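What follows is subunit A paired twice: with subunit B in the first complex and subunit C in the second.
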Partner chain A sequence: MTDLKHSSASSATSGAGGATSPLDAQRRRLRLPFILPAVIFYTVFFVAPSLASFVISLYRWRGAGDEPEWLGLGNFLRLFNDDIFRGAFVNTLIVLLVVGAIIFALGFFFTAFVAEMRGKHLLRALIFFPSLVNPVVLAIAWGFILDPTRGALNTTLEAIGLGNLKQVWLGPQLIFPMILLTMAWMTVGLFTVILMAGADRIPVSLYEDCDLAGASIGQRFRMVTLPLLWEVAAVAAVLWVITAVKAFEFIYAFAGVGTAPPRSTWTASVYVYMQGFGSQGLPELGRASAMSVVMLIVVGVLVVVLRRLMSRQKVEF
Partner chain B sequence: MYSFKASTGRRRASIAGVALATAALLSGCAVFQGDSGASTDGDGLVFWSMWERGEPQSEVLQGAIDEFEEEEGITVKVQWAGRDVGTRVQTATNTGDVPDLVDDAVEVLLAGAEAGVYQGLASVYEREIPGEDQTVADVIPAEYVEPYINDDGEPIVVPHSVTTTSIWYDGNKLPGVAEAPPATWDEFLALVAEAKAAGQTPFAADGTIPDYNAYWLGQMVLRQMGPGWLNDAAHDETGEAFKDPEFLAAAERLQQLVDAGYFMEGYQGSKLPAQEQAWAAGDADYLMMGSWAPLGKEEVAREGASWRTFPLPLADGGVNSVEANLLGFGIPTDAKNSENAEKFIAFFMEKDRIGGISSEANQLTPRADVEPPADLVDVAAMLESAESAHRYLDGLPSELPDWWTGVFLPADDKLFFGEITAEQFVDQLSQESAEFWKNNG
Partner chain C sequence: MAVQFADQRTSEPRPRPRGGTGRLRRGTPAPLARRRTPLRMLGMAAVWLWVLFNLAIFVWMLLSSLKSDGEVFADPWGLPNVWRFDNYVRAWEGSDLGTATLNSVFLVAAASVFTVAIGALAAYPLSRLQSRSSNVTLMYFVLGMGVPLQSIVVPAYIAMAGLNMTNTLGGLFLLYVGFSLPFTVFLLTGFFRTLPTRLEEAAALDGCSAFRTFRSVMLPLARPGIVTALLLNVVSLWNETLLALIFIIDDGRQTLALAILGFYGTMLYNSAWGALFAGVCIVVLPMLLLYLWLGKNIMDGMTLGATK
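Let's look at the complex of A and B:
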């Protein structure tokens, strides 16, 4: 449809022999003034800092009035031997894959089944609610719920006679799984709403056809909803990759209070912060920038791979 | 369609070119240097403080600032910057637009001084305190500032507050301990074993704060083996220094407490301030904490609580070193009004003015003639009788932050949570230290 529109517009404006109308010429002249402010804004606030990060990543620089020391790719090479970076990188991938699997599984579940229920708008609002609250507030609240001594979870389990299920939820073994679960709880609403909005665009007539053919809810989802939702799901997956790799404030507030959270909970973003600003000593801005550059490349590669994997023949409806 | 693409393609390329050139210009000019910034008032004083407006310390300082402005005729522009004041000063150093005076934790000031952010303050120590017939050096004990000197041998801080780490308890709940605190490791062990046998929980600890967990082993090592031992061992690129039998013995003492189940149930995952409050309410006997332990406990404390403290008791051969962690003033190297900053520091050191830190903010001051707050009488006595003073966690969190958070704390947490033995702890620390230096040496 879009392609058709473009080609007809193009032929209409080009006319016979490629002559352009005065209106088209005016439009072209206006393009630059319209896009220039955005380009300047984007360049100054996004492109320039990104390039600056890359430049800084080639130096050892503490950002405290000191002379930058040229290291070339030294900061990058060091990352390959850095156990902490490896651990943080693996944790980032775990967040990406495990939390991603949970939120998309739940997102599709809600889209398939909740969409059919009465009161779905209320339910959608309830699921979405955690996405509206500041992640730092949620992280602190979960900390108090899961605290083993006075937390609501253990206290409730004790009160209802299930004291044997009590755990040290924030202890070294469980703290990272708890971070994953609570992150999934916090994020699932946003992605469910995106998927449901995509599902709302599917013509009702297709579902009526399914009803006439006697299809079950599962079949309707597999045959109609999923194929027609695929493009939306692909965009949501890209959004999730970007969100997951940048995950920082929730983990920092969940695991630490004013001091560094335990190393076992660090993701790459937390490590970047610790190197750049979080320690009690002087920052290592060169190393922090090198990590940021690596993570930017990782996001880029993941997004490209994901787009390729999820590309399908576009279904028009 | 294609012709449209081709024409916009050229335009896109030129826009991208402009964008890249702008970015390159920006990055080339401004990555490492900012604008030189506005200068401070020619005859004023710009002060950035680690306190936030409304905190008792900010009120004490504001009172002194008001008096200073009136008596000296110097206008003070103060910014209550909060705890990340150090980062702000470091960043501002790139622009040259720095304050004239800063107050911050001494370890942050020292780290900054090593990068040239702060200047030596020998001349401040020579200044006479207005209204007193003595200099700043006469009222600040030299041993407090000894570890905090620059390459020229000058102290980089003039402290206004001193904190230490020790074992806190409620003297009202444990009158026997208040009368005769344990003096040796064996007496301490007998005391906690007795408490445990009587159904008490000896220790509370919020284990999700790795630095707090390290207070235990830190005190065991530094009070036993002396100031600087841990710092030296951390700098040993072979990691072999940690195989010292005395270090192993210190770790074994911690393991002994863990294995005996003396810490409150769930301490490994306790979120600050859950167990600290449980301790204040009387659910546990002792808390290893900084001098701020009694602060803010009014609403959760056991009725009649009276906060007392003693240093971690020593095993045979200890050196009775006590941590002296300081908060104080520093003057940036690029300060435009150093003279006024020096004047203010000497002005603030006057007994009644610095006394506000004790009477209003309930913190100990470095001046021995200022009466300590009621809750810190024991701390004052502990510092007075110490044979030597050591830095907060031997200066490692600020001096070697990567080693501290990446190597030491994970191993220490495992020992503190009972996941590994003292021997395994020593092996892990030694091995991971050597690996750390291979990558960072």
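Let's look at the complex of A and C:
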């Protein structure tokens, strides 16, 4: 942040020779041809579709060949009376809150301890690695580990004499909690590394002061690390909201492929996919769009709320 | 890239302890931190447990890919009795994983290079011009980072169907470029801002054209940032599944993520578990190699947006 200000300040002074400096004139000339390609691609292939979903959400449309039928807000009204939608919506919020709580708790925990351990770069790299792997692959791996009859977890529990702890991990009771836990495992790395990168910027002198004052590790964390990490954590929280709402592949693949994922595990993104493309019946493109509009609004609201809640007096250091 | 980013930021208060800095290693805290309280021991043990668990999962994947189908379940934690490298051949040939890998390689390479190329072009003036319109443009890109991918799938599908471009890698390419641009522009604008302006000024005074200045002065300077942007796009597109799942139907045009999903589906009937894990490793290993080679760039880039 400070860095950016600094560099923009310096470029402002360098341009202080007046708007007529050759560089400034040149920059102005190149602006349009340089920026346009990206703006066009982004607008046509990303912005336009996301705006169009607002329009489509107002129709009933069963896909190619069907005449779209105007429903107004009908799709939205119907959504809220639809148990499957409500389930998916609530599940998304559960993912957001439960997984979010786990990853931030673990993230802060790792940040506090790894900084003081030997080989912290290696540790950091190993904590991070799952973030680079396709969630589909991780879902497959967990499917093998948690398989109730032959999976590694149950057979291992049996082998070490803890057979009474065996569970039908992927059964209707436990599958969603298992998704939450494994998702947390999979996502923790990225957020930990973000928090650690923030912690790296905290001047060591502050910690030296702590040491002189004889602070414990808990005190150091509470008095120095946490307040100075707050801003980074706020951005990470926003990032988590976006990540959580769009999480799809992992949940889709978790229960095995070939059959639809069980309804109890549907989140908003799975709902959009199943309504629009995945179910055996006719696609409900309007309803799928309505769901995506709802989620877009949810993201917007949450981001604003989060920023409000977490904004504090900025700590300069 | 972020290497420079990070350095400029951290080097003043505290040089990063990196290999060779010797006595400047101030990252390791002072005496009290070394005292072994029970809490500290417990915390460190937990960290190690977590890390070893991650490692174990990946070793397990790798070993499973070399076992016979029966062994995958029967002996999950042991070494393979016979090292079955032919699992990879079975996966590569059996389920079109070979074709899918090639599709993915071409698609990911083309989309990442193109995204970074036009992203860098846009980021350069956005980073240099302090005008209202350029701030608004940048904001326009940044907002896209908050749009969940599922918001575009239905309209994009309808539009692509109208253009007869569903079920083509070309259609997927266009969408990949569209959704990768926001982060790429955001990242590169931030990076360009950290680069000094003096060289460009000199080039402009010497009469270089704007494009020439960009190409021969800025791009070489920006190389670390460009590399990071490329890497992050490669990672995210290599793993992208939702759009591929919706748009691609033909087996011959599958991407790797899609092929492995399909493979997993058929496995439930033909139990070729060993080959499935070989497929899993074909998805994971390129990312692992990239990570071992350029991991610092990847990690710095991913954390950059948040810590800046």
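Quick note on the criterion: the second predicted complex is superposed on the first by the 281 of 317 C-alpha atoms of A that agree within 3 Å, B and C clash if a C-alpha of one lies under 4 Å from a C-alpha of the other, contacts with A are read in each partner's own complex, and residues count from 1 in each chain.
The working rule: a residue touches a chain if its C-beta (ideal position, glycine included) is under 8 Å from a C-beta of that chain, and two chains touch if they have at least 3 such contacts.
In this text, all values refer to a predicted model and were calculated from it rather than measured experimentally.
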Touched partner set for A:A52, first subunit B, second subunit C, both or neither: both
Which of subunit B and subunit C A:I217 touches, first, second, both or neither: second
Partner chain in contact with A:D83 - subunit B first, subunit C second, else both or neither: first
Touched partner set for A:F144, first subunit B, second subunit C, both or neither: both
Comparing the two partners subunit B and subunit C, which touches a greater set of residues in subunit A: C
First (subunit B), second (subunit C), both or neither touched by A:V245: second
Contacts of A:V232 with subunit B and subunit C, given as first, second, both or neither: second
Partner chain in contact with A:V95 - subunit B first, subunit C second, else both or neither: neither
Touched partner set for A:V39, first subunit B, second subunit C, both or neither: both
Partner chain in contact with A:W169 - subunit B first, subunit C second, else both or neither: first
On subunit A, positions contacted by subunit B and by subunit C: 7, 10, 14, 31, 35, 39, 42, 44, 47-48, 50, 52, 56, 64, 144, 147, 150-151, 256-258, 277
Subunit B contact footprint on subunit A (complex, rising order): 6-7, 10, 14, 18, 31-32, 35, 39-40, 42-44, 47-48, 50-52, 55-56, 59, 61-66, 68, 78, 81-84, 143-144, 146-151, 154, 168-172, 174-175, 255-264, 274-275, 277, 279-284
For the subunit B and subunit A complex, residues of the former touching the latter: 1, 3-4, 11, 15, 18-20, 22-24, 26-28, 30-32, 83-84, 87, 90-91, 93-94, 105, 107-108, 111-112, 114-117, 207-212, 264-272, 274-275, 277-278, 333-334, 397-402, 404-406, 409-410, 413-414, 417, 419, 432, 435, 438-440
Subunit C-touching residues of subunit A, taken from the complex the two chains share: 1-4, 7-8, 10-12, 14-15, 22-23, 26-31, 34-35, 37-39, 41-42, 44-50, 52-53, 56, 64, 106, 109-110, 112-117, 120, 123-137, 140-141, 144-145, 147, 150-152, 155-156, 189-190, 193-194, 196-198, 200-201, 203-205, 207-208, 210-211, 214-218, 232, 235-236, 238-239, 242, 245-246, 248-249, 252-253, 256-258, 268-269, 272-273, 276-277, 285, 288-289, 291-293, 295-296, 299-300, 303
Residues of subunit C that touch subunit A when the two form their complex: 5-6, 8-10, 13-14, 16, 26-33, 37, 39-40, 43-44, 46-47, 50-51, 54-55, 57-58, 60-61, 64, 72-73, 76-77, 118-119, 121-122, 124-126, 128-130, 134, 137, 140-141, 144-159, 161, 174-175, 177-179, 181-182, 185, 190, 193-194, 197-198, 200-201, 204-205, 209-211, 213-214, 235, 238-239, 241-242, 245-246, 257, 260-262, 264-266, 268, 273, 276, 280, 283-284, 287-288, 290-291, 295, 298-300, 302-308
